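Just below is one structure, and these are the notes that go with it.
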Amino acid sequence: MKKNLVLKKLKKDEVVSVVSIGAFPYASLVEMVGKIGFDCVWFDMEHRAFGLSELSQMTLACRATGMEAMVRIVKGNYTSLMKPLETGATGLMIPHCKSPEEAKEIVSWAKFPPQGRRGFDDAGVDADYLMSDSLEYIKQANQETFLVVQIEDKEAIESIEEIASVEGIDIFFIGPGDLSLSYGVFPDFNHKKIKNAIRKVAEATKKYGKWWGMPFGTEEQGHSLVEKGARFLTGGADIDLILKGFQARRKIFDQLQRYP
Amino acid sequence: MKKNLVLKKLKKDEVVSVVSIGAFPYASLVEMVGKIGFDCVWFDMEHRAFGLSELSQMTLACRATGMEAMVRIVKGNYTSLMKPLETGATGLMIPHCKSPEEAKEIVSWAKFPPQGRRGFDDAGVDADYLMSDSLEYIKQANQETFLVVQIEDKEAIESIEEIASVEGIDIFFIGPGDLSLSYGVFPDFNHKKIKNAIRKVAEATKKYGKWWGMPFGTEEQGHSLVEKGARFLTGGADIDLILKGFQARRKIFDQLQRYP
Amino acid sequence: MKKNLVLKKLKKDEVVSVVSIGAFPYASLVEMVGKIGFDCVWFDMEHRAFGLSELSQMTLACRATGMEAMVRIVKGNYTSLMKPLETGATGLMIPHCKSPEEAKEIVSWAKFPPQGRRGFDDAGVDADYLMSDSLEYIKQANQETFLVVQIEDKEAIESIEEIASVEGIDIFFIGPGDLSLSYGVFPDFNHKKIKNAIRKVAEATKKYGKWWGMPFGTEEQGHSLVEKGARFLTGGADIDLILKGFQARRKIFDQLQRYP
Amino acid sequence: MKKNLVLKKLKKDEVVSVVSIGAFPYASLVEMVGKIGFDCVWFDMEHRAFGLSELSQMTLACRATGMEAMVRIVKGNYTSLMKPLETGATGLMIPHCKSPEEAKEIVSWAKFPPQGRRGFDDAGVDADYLMSDSLEYIKQANQETFLVVQIEDKEAIESIEEIASVEGIDIFFIGPGDLSLSYGVFPDFNHKKIKNAIRKVAEATKKYGKWWGMPFGTEEQGHSLVEKGARFLTGGADIDLILKGFQARRKIFDQLQRYP
Amino acid sequence: MKKNLVLKKLKKDEVVSVVSIGAFPYASLVEMVGKIGFDCVWFDMEHRAFGLSELSQMTLACRATGMEAMVRIVKGNYTSLMKPLETGATGLMIPHCKSPEEAKEIVSWAKFPPQGRRGFDDAGVDADYLMSDSLEYIKQANQETFLVVQIEDKEAIESIEEIASVEGIDIFFIGPGDLSLSYGVFPDFNHKKIKNAIRKVAEATKKYGKWWGMPFGTEEQGHSLVEKGARFLTGGADIDLILKGFQARRKIFDQLQRYP
Amino acid sequence: MKKNLVLKKLKKDEVVSVVSIGAFPYASLVEMVGKIGFDCVWFDMEHRAFGLSELSQMTLACRATGMEAMVRIVKGNYTSLMKPLETGATGLMIPHCKSPEEAKEIVSWAKFPPQGRRGFDDAGVDADYLMSDSLEYIKQANQETFLVVQIEDKEAIESIEEIASVEGIDIFFIGPGDLSLSYGVFPDFNHKKIKNAIRKVAEATKKYGKWWGMPFGTEEQGHSLVEKGARFLTGGADIDLILKGFQARRKIFDQLQRYP
């Protein structure tokens, strides 16, 4: 198992570049993106319709081009975390983490003993298809896989210190949509309640030596986040980029279709 | 069978807007594009890897949003033209048409008697899944389906008048890549040999009351084509737009990753 | 988001026509059914083997032909309700609702704040692929999506009044198979215990201004249900109709194969 | 390789029952049909959108239930006939056979030496996945696979005697749609030109000890064909039966929806 | 529903042969394995990436060749057990059973009343696609389907007697990987703690007239298990066998590539 | 485009190791094989049932692990060669080449001008998804892609010198099955006619500075081929290896099932 690029960069206090693919779950799209060059791709199984079969192909494209593969899982039980890892995910994002108890359960499902109680199977790609040494595999899998929990509920902000202190969670990711809904200020992502929440997450993660991040739009927004201490930045999604591309073409045709 | 929007606009001398989808052959992408609003989607089966199953879903998205579905076929025999039509294509593009004989054969495969000898089957979507009247279906299918042949070889330019005169071909589409390869001037699409070829196509199609078109990039290029008489304009492809979108994101991350 | 046809008809006290597709989860089958013309298709993910990918294509066929798409979900957590909605379902059926608490939880997962706590994402087809206004989307999604809970357990009948009073559930659907198993009278759907249960559902829904329904076979059975107040009627399933069709062909061949 | 049921019945002068599946290319549908019990399923790759992957699953359902699997191929070259056989087809139907030369070529592609020049590969299901004896496989494959050519062009009728005399073709199948188009009398399948053509096919096949057939609708039509000597009868297609089933349901709902 | 071969053999105290397919979830692979001849195939949905669609095709291959189809499920709720059964599984394996309460819940989800509360639907293959008698189906489904629970946690060993006494569980299957992790002795499958655990399982199952099993590698290991009383033996997995095959080929090429 | 490993090794007179995958067309299988380490994988589209979609995923696994991807094509027209190349094939094998004319046509379809007339499109993976320079792409594509023609007919042996002299064909591959059928000596691959044919191929290819190869079974057979001058050796196919693996397991179970 190779060194996890996301963890490596974070440990050097570098900004991690993450883009989203999932509306068009094609391995060739991931390979193209990998040739352009990003650190990590975010595959959203919570809100997109693809399954493990497509995920398997897309993580292969990550391996072929040197990117990490982060999966936002469908919440459930231990299999929800184990199967994406066996299918090539090198990072997991868990939505709606609301309490330290939940954070601990996540660690217990994602890590092999002694950290957790992940079930053993070494036929997956993360164990080199039966070709890895069992003990070495268990050690590496625990070490070179990162865990992200999403902070997107009022309750989570209220116990952010306890959540941030949980051993094994690496990154805390703010979900501005659901967070602002939770505070009743949707879709005002600049509301002071949201700003306050972001500040709390930044402080708590700093205190416990963890990292945090959130989505950004413009370069200015990205810059502002980096200054606040965010290092795990997501910006750019397949569906959003292609939408804007076609909308721009529509405007050009609008001009042409005025004629002749 | 509803009136074909492409033919309707061409007959009114209006510019037709065509965009390409095929690298990511997803019905939801087609539906999104249809909600933005174009006249026609170009599905390229000559150079993309999808099959009839994906085509079936993508033409459904065209019907749901009111766009025509044009398929560039894999050259072969009569089934090459018949099956896309039965799967919901309302226009066909045939690559590398080099002679009037070939153009006539295309018509004979694409049209039912008396125009051609297309094989009859009325269980496809173009016959409303067995719910159409057989004679009416045959008549409508011949009338409301357009044929495009690609002019992309030196030989085709040399006999462009004879090709343009073939009854049943509606649109002549210049392929600048292969055409410039054929003239040995690739990839100089502005070479005088290419310009000359375009002029010949424009003249021949005008003479026989047909239409022509080719791909364009910028609005200026599109404008120039419209002025030369082109009405069937293709511009904007899924893979190109998404590539440019992610490349732009890469530049933003380049800025952010200089810090901290 | 367009007006929900099922809700519209129910509000006018009209009978809603619902048919089932799922054994053969083909978009073209749904499109054919839509061309024949029904109000709603019932896609059963509880008992059929298809996934979100097929569902996505089939709901597109509903949009193309003007039918509502109701999904019977696999019971689970909040994603069980959210993902079908994001994939184009305009109604949800939840099996085995046994208590008012469960009914309330269903509402909380299916509706955005303030009614519930559904998670926000606007890249799905129900949000017009990022093209809707966020606040408007949230409002419309809550308004134009109907919720059906299945009453198919003794326990549910016993607390039917409390269940029927839960705000946000629109339709109560009796499942005669499991209900009769639950009462130990399977498969006697005309047993007085079942009749009694139906009566209770009819009364409770009437009292709280809700609607109810159940499957029917013959026209007579359908008529009897309408007279009892049922308005949400399901009758006709792909697998059943095709089975009967082939069985009838078998009888014809039996005759022919006696000869020569 | 087991004895081919179609050939066995034909040799005993029995009527063969053939039904069509392909609009909904599901193995479970084929298995259901097999449990009802027919001699052979007709899988139409000329006019339906499925590929070898679906065919592979559907022929498995035939093997599981004891039916023969006939594939109408997409016309092409030797692979068009070889691949369906390697995928489990036990009979092939070739559309639009117009001359004895074409019939001979079909035999040469479908049969191993010495009869033909079919290419050898023994990893397919028809060779028991490498588990058969090579020489025995070649012999059995030639013997227990039937060939059907479609007679559906004026030209074919004109040289029907020569076509019928070609060694290796077992069954001659009249396609009334294309044949009537070819004679210019479409869709009058009872036109005397068609009747005459049927008579010629019946006589020619009888003369050369072959069999013939065509599609039928009602029992009466089937009976009439049997009396004329047809033994290979096709009647009943998935899309047609399901269409009629849903149309009948629509009528019932029409009654119910008049009320209340 | 035919007699379950696994139960039949176990009742005669015979050894049952089980092999694993799932890394390459192809129906043709299952059919090939069935032609070689085993009693049962183990389809692992806990650790492999395939879904119900592939499962459906693979169980068909079991039916075609006379093998039982055992599915190791993804743990969840009642649908986790019901859907594989409706898709053709004739046995279920439930991972990580830790208590008699859990074992009882498994039975309640897998069996129809009166034994359990499995939900009724008779359109699946296990009910002969609507062609079975409802009462007979319920009875047969309960009788001819076997349940395996996995004993792979310290807690389970500690309450093995109570677990083994639960009515409706047929087979107890030891998972040496997770069990040794649970005891902190991984991967020493011969550790005395593991040996002790195996002994306890053997004794408890004997006491309650049940059966047990576990995976084995060499013939000697298999023999040793049979002597200890194990009858349900699994040995041979698609991915492991193909890996070893290609590794052996690599060694041959190593020799050849030294030259010339 | 990286240097083609097969061509590189052949130019150094080294033996090339080729294995076959296609019966189980899984990217994960290819990745596993790549981790073991071979020079090239042979994907057989002539005799296996997979399509371009699976090919696309499997060639990605080749790129991820540093193997070349050779596709045996379905014979047809220019698209038969172009599409696999655009889908990631870095070598093509053309079956049944019988004449120098055919060999020349193959080159004309597989190579861009000036060598041939391959059609231009740069959105495929071989052109780095629009990210390559057009002229450089054309040059590299011609240079770093190898062509193999199969010599498996008597006619081909008779004109082997002329075929071997055709510019652009790199490797001549003997197909012993069809060749022995063609000579009427099937399946005696050691018949003197076959030995003679092999000798002729070896001589002709040597004379024109080309390479040759054929399949082998045992190490001894491989050695013998290397001594005769063959450098392109294929040995080891997914279906064959897995079959032998399961057959060996069957024997072990035979021993175990004699007891108790």
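Order of writing sets the labels: A, B, C, D, E and F. Residues in every chain begin at 1.
Assume a residue touches a chain if its C-beta (ideal position, glycine included) is under 8 Å from a C-beta of that chain, and two chains touch if they have at least 3 such contacts.
Please read all numbers here as calculations on a predicted model, not as lab measurements.
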Query - Other chains in touch with both chain D and chain F - result: B, E
Report task. Walk from chain B over to chain E along touching chains and report the minimum step count. Result -> 2
Query raised in the report: What chain is the most remote from chain C, judged by the mean position of CA atoms in each chain?
Result: F
Query raised in the report: Given the two chain pairs B-F and B-C, which is bridged by the higher number of C-beta pairs in contact?
Result: B-F
Report task. Could you label the chain D-chain E interface same or different, taking same to mean over half of its residue numbers are used by both chains? Result -> same
Query raised in the report: In whole angstrom, what separates the CA-based centres of chain B and chain D?
Result: 35
Requested in this report: Using mean C-alpha positions as chain centres, tell me how far chain A is from chain B in Å, no decimals.
Outcome: 40
Report task. Hunt down the residues of chain B that sit against at least two other chains at once, touch-wise. Result -> 23, 28, 32, 36, 51, 56, 76, 129, 131, 239-240, 243
Query raised in the report: According to the definition of touch, which chains form touching pairs?
Result: A-B, A-C, A-E, A-F, B-C, B-D, B-F, C-D, C-E, D-E, D-F, E-F
**Report entry** List of chain A residues in touch with chain C within their complex
**Finding:** 23, 46-51, 74-76, 95-96, 177-178, 181-182, 184, 186-187, 237, 239-240, 243
Query raised in the report: Where on chain B is chain A touching in the complex?
Result: 13-15, 17, 19, 23-24, 26, 28-29, 32-33, 36-38, 218-219, 222-223, 226-227, 233, 235-236, 238-250, 252-253, 255-257, 259-260
Query raised in the report: Which bits of chain B are touching chain D when the two form their complex?
Result: 51-53, 55-56, 76-79, 82-83, 86-87, 112-114, 117, 119-121, 123-124, 129-131, 134-135, 138
Query raised in the report: Which residues of chain A touch chain F in the complex?
Result: 27-28, 31-32, 35-36, 56-57, 60-61, 63-64, 125, 128-129, 131
